[in-house]
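Each chain gets a letter, A, B, C and D, in the order it is written, and its residues are counted from 1.
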Amino acid sequence: MEALSAKNIVKRFPNVLANDNVSLSIEKGEIFAIVGENGAGKSTLMKIIYGLYLPDSGEIYVNGEKANIKHSRDAINLKIGMVHQEFMLIPRFTVTENIVLGDEPRKFGFVFDYKQAVKEVEELSNRFALVVDPTEKVENLPVGIQQRVEILKILRRGAEILIFDEPTAVLTPEETEELFKTLRKLKEANKTIIFISHKLSEVMEIADRIAVMRRGRVQGIVKKTETNEKELAKMMVGRDVVLEIQKVKTELGEVVFKVEDLTVKNQRGVVALKDCIFDVRAGEIVAIAGVEGNGQAELVNAILGFLRPVKGTITINGNEMKFITPYDIRRKGLAYITEDRKRRGLILQYRARENIILGNHTLYPFSNKGILNDNAIDEYTTRKLEEFDIRPREAYMKAQNFSGGNQQKIILARELSSEHKFLLASQPTRGLDVGATEFVYKWLIEEKKKGIGILLISLELSEVMGLADRILVLYKGEIVGVTTPEETNEEELGLMMLGLKRKVAQ
Amino acid sequence: KPAAQQPAKIKIGLVTDVGGRGDRSFNDSALRGLETWAAKVEYVQGGGYKALSDEAFNASIPDDLKDKGITPLNVEPIVLESKAKEDYIPNIQALVEQEHCDLVIGVGFMLAGAIGESAKKYPDTKFMLIDSTPVDENGNTVDLPNVVSYLFAEQECGFLVGAIAGYATKTNKVGYIGGMAIPPVLRYEAGYRAGVKTTNPNATVIGQYTNSFVDASLGKSTAVSQMALGADVLFHAAGATGNGMFQAICEKGAPYWGIGVDVDMGLDPNLCPDRTLTSALKHVDYATYEAIKSVVDGTFKGGVITLTLKDGGVGYAPDHVKDVLTADQISKIESLKTMIINGTFTVPTDPNEVETWTPPTNF
Amino acid sequence: MNWTYLINESLKQMLDFAAPILFAALGGVISENSGVVNIALEGIMRFAAFFGVWGAFNSGNPWVGLLWGVLIGALLGAFHAYITVKWAGDQIVSGVAINVIATAMITYFLEWIFKTTGYSPTVAYFGSSKYLVNINFIENIPVLGAFAHLHILIWISLILVFVLHFILYHTVLGLRIRSVGEYPLAAETLGVDVLKVKWIAVILGSIIAALGGISLSLGTMSSFTNSMPSGKGFIGLAAMIFGKWTPIGAMLASFLFASAQVLQFLLQAIAKGIAAKIPVGFYLALPYILTIGALVGVVGKAVAPAADGVPYKKEES
Amino acid sequence: MKEVLYRIFVKRQEKYWWMNILVPVVSIFIALIVGAVFIASTGRNPFLAYKYLFGSSGLIPGPYFKSHFSEMLIASSMFIATGLAFAIPARAGLFSIGAEGQFIVGTITAAFFGYYKPLANLPTIIHLPIVLLMVIIAGGLWGLIAGYLKAKKGINETIVTIMLNWIAFHLIEGWLVTGPMKADVATGVSGTPYVSPTAKLPIILSGTRLNISILIMLFLVYAVWFLLYRTVFGYELRAMGYTAITNMEAPKIGGVNTEKRIMQIMFISGAIAALGGSFITLGVLFQYPPVFEGGYGFDGIAVALIGGNEPFGILLSGILIGALRTGATSVQLVKIPKTFPAIIEGLIVVFIALHELIRYLLVKAITKKKEGVSA
């Protein structure tokens, strides 16, 4: 029996046709996966189903009946729930407040009965075995837990159709396994699940049927049993994709980056990084593995100068930096690829051309004595759009209108072209499609060949194992493992990441 | 232009200072001189004028001016208000060039510069300036044949109300609230302090400035704190800010007394008639009327005219004086008044002089 | 000197002086917690101050005036909401618009209705003995005595602080107001009617700000002066930020400022010797300098609601 | 300039970009209509009102055009100054309402160095620049206070600027003008002494008081435009504005010294406002009067917003507001209160605020015209 179907959905945004006559039909109780390039229109379609966007044309049917969904309210009433690509959580609110918002337990009709709410949340989390601390503020939670909150939110509303838009992008393998357990449980409870991911392995593991979207259209719908990752990838990108990373050996040069006894407190004054010692040498890729929220963020912020270390030193290209300020590390020869494109990587209202020179804008030829040289910038931008295959080739398009993958490419184009000896790559492929991911790997290896030292922070074990020369495992702010891909395997790394195993050389 | 309809009438232009119409102080006073007395008209809602009844006309003339023979002069008033100082010159320009006024009146010392510059520019137009002598664009006081300046001896009326306050206070503390420390206000303060010192040497004056002529709530707070500190008679020279003083006094009621300024505030139902001891009168209205009259009967003459107690240009209002002062004290006030008129002693014009100033005895 | 009297009078002064500022600040708190900046507080107070007096003038009853003030406040709030919520217009522009209109149009009305650009006739008001809230037996108790004869609006301002605190942090509406101020899209996805909540908060805030205008023209004073509210709306805005967008904080900020004012009056009045030689300007500037000092010293960085001032457009999520 | 026009007209991304020009124009017209309705509803003649308002605004030639025109430009130059003073920080995400205070700081500074004896007998070409330089420094430093507290202590610039306005006012009028800078009573002048002729802004239209202030502002408008769009400084400034809500992280990582920029921006803003203030002293009143009710600072906010925080937009809106103010004098001659033009000003801002609505209606009207051929 059909739970949900979309018929001829069309959605146009000022610059793109995001959904071009999309039709889908999803059976009750199945796990239906949607894959597709960045910008293919997956999220747009989901947002339309959830009532966040209104389609230009087309209909949605729920349980066979035509549904007119103008608000999320309507979707919720139709027992549709959605876990969004960007978490819809209010950091300053507690877990409970986030979960009950919109349908709060009340006293006298208007008073918010917080005690009752906490109780309900506890019951809920017990029932679905999703452990959370109801009274903790969300801003203090690691993403894994935050996602549980998201799931609890929709379960509480008794959702029958659950949409997960790239839920695993931010999860570690363990957390992903956790999530899948949950999904299977939900499936057993005969709930319908739409699952969006760029990780084909996951899709192959969890999905019953898989739809491939490309340029706003549905490329095809296949049974899992009748396909494989390579084929999917090809359907998505329209060409063969190299999914496994081929190693390259390079000569290691001098030390380009070094931290000694680095101890950092986070914004809330808690020690989040303890006595870290390691270095990165030219031509070397050092990967930091670990569950998110174990000090990676603080390490990055300390390197960038957003957090002042309480102890220890950071050295980039031999410049030891006592009081680093974000604006001068760049001049010390550091390049930075961030996972947080929208907040840290780009100025969304700026055009591609302005974003692509950010950080080098004070340099000749982009500016001379403080005066910008537009022609030089245009010429440079056009060149880089080609070189990094950024689509569309629109130097004057606002960054916010590029899709995730192309936004990331803009950042790569900028960072890799700037004068640097050391590259800090923090989850560089988060949320990227296979094509873009392959692209990023290609460039990281290029960098390595060029003799750039790279510090790679990643949650993807495959990525870590594939790219790294050395692997450091971070747990509770401490380096609990120092190893190499040759000496270890994913299981062992997993154990170390969970603090169940230590392995520190010398 | 509607102005063109009855060219026969003599046209009198008036530029208010930023206080504008309805400041219940000297802008209104000047307007009374022009609109109520000289033109015998009443400003109506939504702009424009309607004729004024004889009763209203007579009622508008205060007792101490009854003998001055104030009669309508059949002139046409044209009043321009000013939003800011920069408007003064354009306003005057409009009155002279567009309206061809015979006399242009500048109300208040703030127009000294504007009148000075304009009078030079339009030698054929007559000008009247209140509270100051004209100043040219380089800041030199100029005397021009086509400008008559009316100054007032505020210190004299200030002195008399001060003397009254000196007698009236039971706590030997009296209050003074100034708007901004500008010449006329300083003259009031000087006179007031001198007056208190004369009739009650061991009374202290709590003097404060609010730095505003418009913020009534500021005046109220000031008054309240002065009363809290024990002052029981309060005098203000702070324009609209002073309304706050009367507000405070009205709320406290007895034994507190307020003293009005410029006009007889004891007659203003909107203030606090019951607790208004007296008012320091400054007859801007009379000065305005006189100037207009001189134009109408062709006796206009440039120069500086200072109105004093002698010619009734300043004075004090009887209001509640009788209820508070003994007959003997009142006669003493009167004798002080005559002493000033006869020049037996002069009242200081600068507050700082008061300390060294020796008050008259034997009055 | 009668110290009890002095203390009580000064404290009373402080409360009276603080009331309009506090109302404005509280209005801002509600509005901005829902993510809508309202710099029209000044203009709203002006409108309310005038129409309050107008209402009292026609009816001879300040309560009628208060009703008019509240009504005009609600109207202006709806106006601000229509621009900034319905049409996601720029909140600063809308606020400035109201302020400019207020300055001009009220002067126009004053001239049109009362034939003056100075100030209105005196009308029945809450500060008059007839309408005062008298608690005679505490009259002569130090500190407490200050509360013996306050006008009703001061009491309202004080009570409102706690009412609003309760609403914001203990009611469903409050939770939703804060949620749309923090992350409207998140609230939307949970079925909260973001726009409706913003409408409510903005109008409520404007009504409260309007009470500030009333407390000025029918509480402290008994007539409308054209200079009203002479910047108190902006001081209220400052108090709101100073108080970190919370009702209690806004109250403390307003009290700090008002105390500094009263202190300034007293110092100026009792100044002797050299103190008397200090120019009045320094006394008058004192409260403002103290405020900055307090910010630097004690309060420090204030964090606005995450989505404060960001227009909410559904499609651009 | 060529490439700029190219950018505006050719490389535009948004559909109906020209709405950005049409919408304000339409808003202004609607405001005028509503204003007419309002004035009529209060029993006054709207046609007479507009006839006198614009007839004497200095915009349309007519009787006494020369003097109206000069008065209009004198006022405009001050509105443009305070408009820019608001817009520059606004573009960087800073909400400064300190122009009011910075303006009078400029007025008083100009007065002091204008009459300061040792300078008084220098020739204008030396004296005037010195005065203006001092004004820029004084105003800049006054603005810098808020900038410093924001940059170094993270203290909200809005509160600080509000407080600084009052501090400036009280210290100037409650101390300087009535104290150390008070003119000698003997001269019969109240307020500060008058500035020396050598400090006055040269007249550029004989028989009027029109002086070079408008030329200075024309230059400044271009300079600010250049600063915003053609320099590293402006590039960084706008980047800061776009990321203000995300705490300017992207620009910081992009090598922008935001703290320093904030201070520079507030300095510049203060300096420009002060310059506007000095025009009062050096071109209109020639002294700091005993009582001074500015208001230019707050009007500047309206001017900036009507001009869309764009330098050339502010030039136009500044002239418009200046014209309305100039017309205010004459409307009184036909019994229209002087506040009427200010009401129009307010209404214009209202409909600027409603541009989303107006844009929507216009787009609808147009798309209706060319049946769905809108691609």
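The criterion applied here is as follows: contacts are C-beta pairs under 8 Å (C-beta built on N, C-alpha and C of every residue); 3 or more make two chains touch, one makes a residue touch a chain.
Owing to the predicted nature of the structure, the values given are computational and were not obtained by experimental measurement.
Common partners of chain B and chain D, by the touch rule above, are C. Inter-chain contacts peak for the pair C-D.
With respect to chain A, maximal separation of chain centres occurs for B (centres as means of Cα atoms).
Distance from the chain A centre to the chain B centre is 76 Å, each centre being the mean of its Cα atoms.
Mean C-alpha position of chain A lies 46 Å from that of chain D.
One simple way to say how far apart two chains are is to compare their mean CA positions; for chain B and chain C this gives 35 Å.
Touching of two or more other chains is recorded for residues 111-112, 117, 280-281, 284, 306 of chain C. For chain B, the set of residues touching two or more other chains reads 46, 81, 181, 209, 211. The multi-chain contact residues of chain A, meaning those touching 2 or more other chains, do not exist; every residue touches at most one other chain.
All chain pairs that count as touching, in label order, are A-C, A-D, B-C, B-D, C-D. By the touch rule above, chain A contacts chain C in their complex via residues 47, 50, 52-54, 71-73, 76, 82, 84, 88-93, 97-98, 101-104, 106, 110-112, 114, 153. Of all residues in chain C, only 170-176, 178-179, 182-183, 185-193, 306, 314-315, 317 touch chain A in the complex they form.
Those residues of chain B that touch chain D in the complex are listed here as 1-3, 18, 46-48, 78-87, 89-91, 93-94, 97-99, 109-110, 112-113, 132-133, 135, 137-141, 180-183, 209, 211, 213, 350. Across the interface of their complex, chain B is touched by residues 42-44, 56, 63-64, 67, 71, 74-75, 169-170, 173-174, 178, 183, 185, 187-190, 193-194, 197, 209, 280, 284-287, 289-295, 325-326, 328-330, 332-339 of chain D.
Chain A meets chain D in the complex at residues 14-15, 304, 306, 325-328, 330-331, 336, 338, 343-351, 354, 358-359, 361-362, 367, 370-372, 374-375, 394, 396-398, 401.
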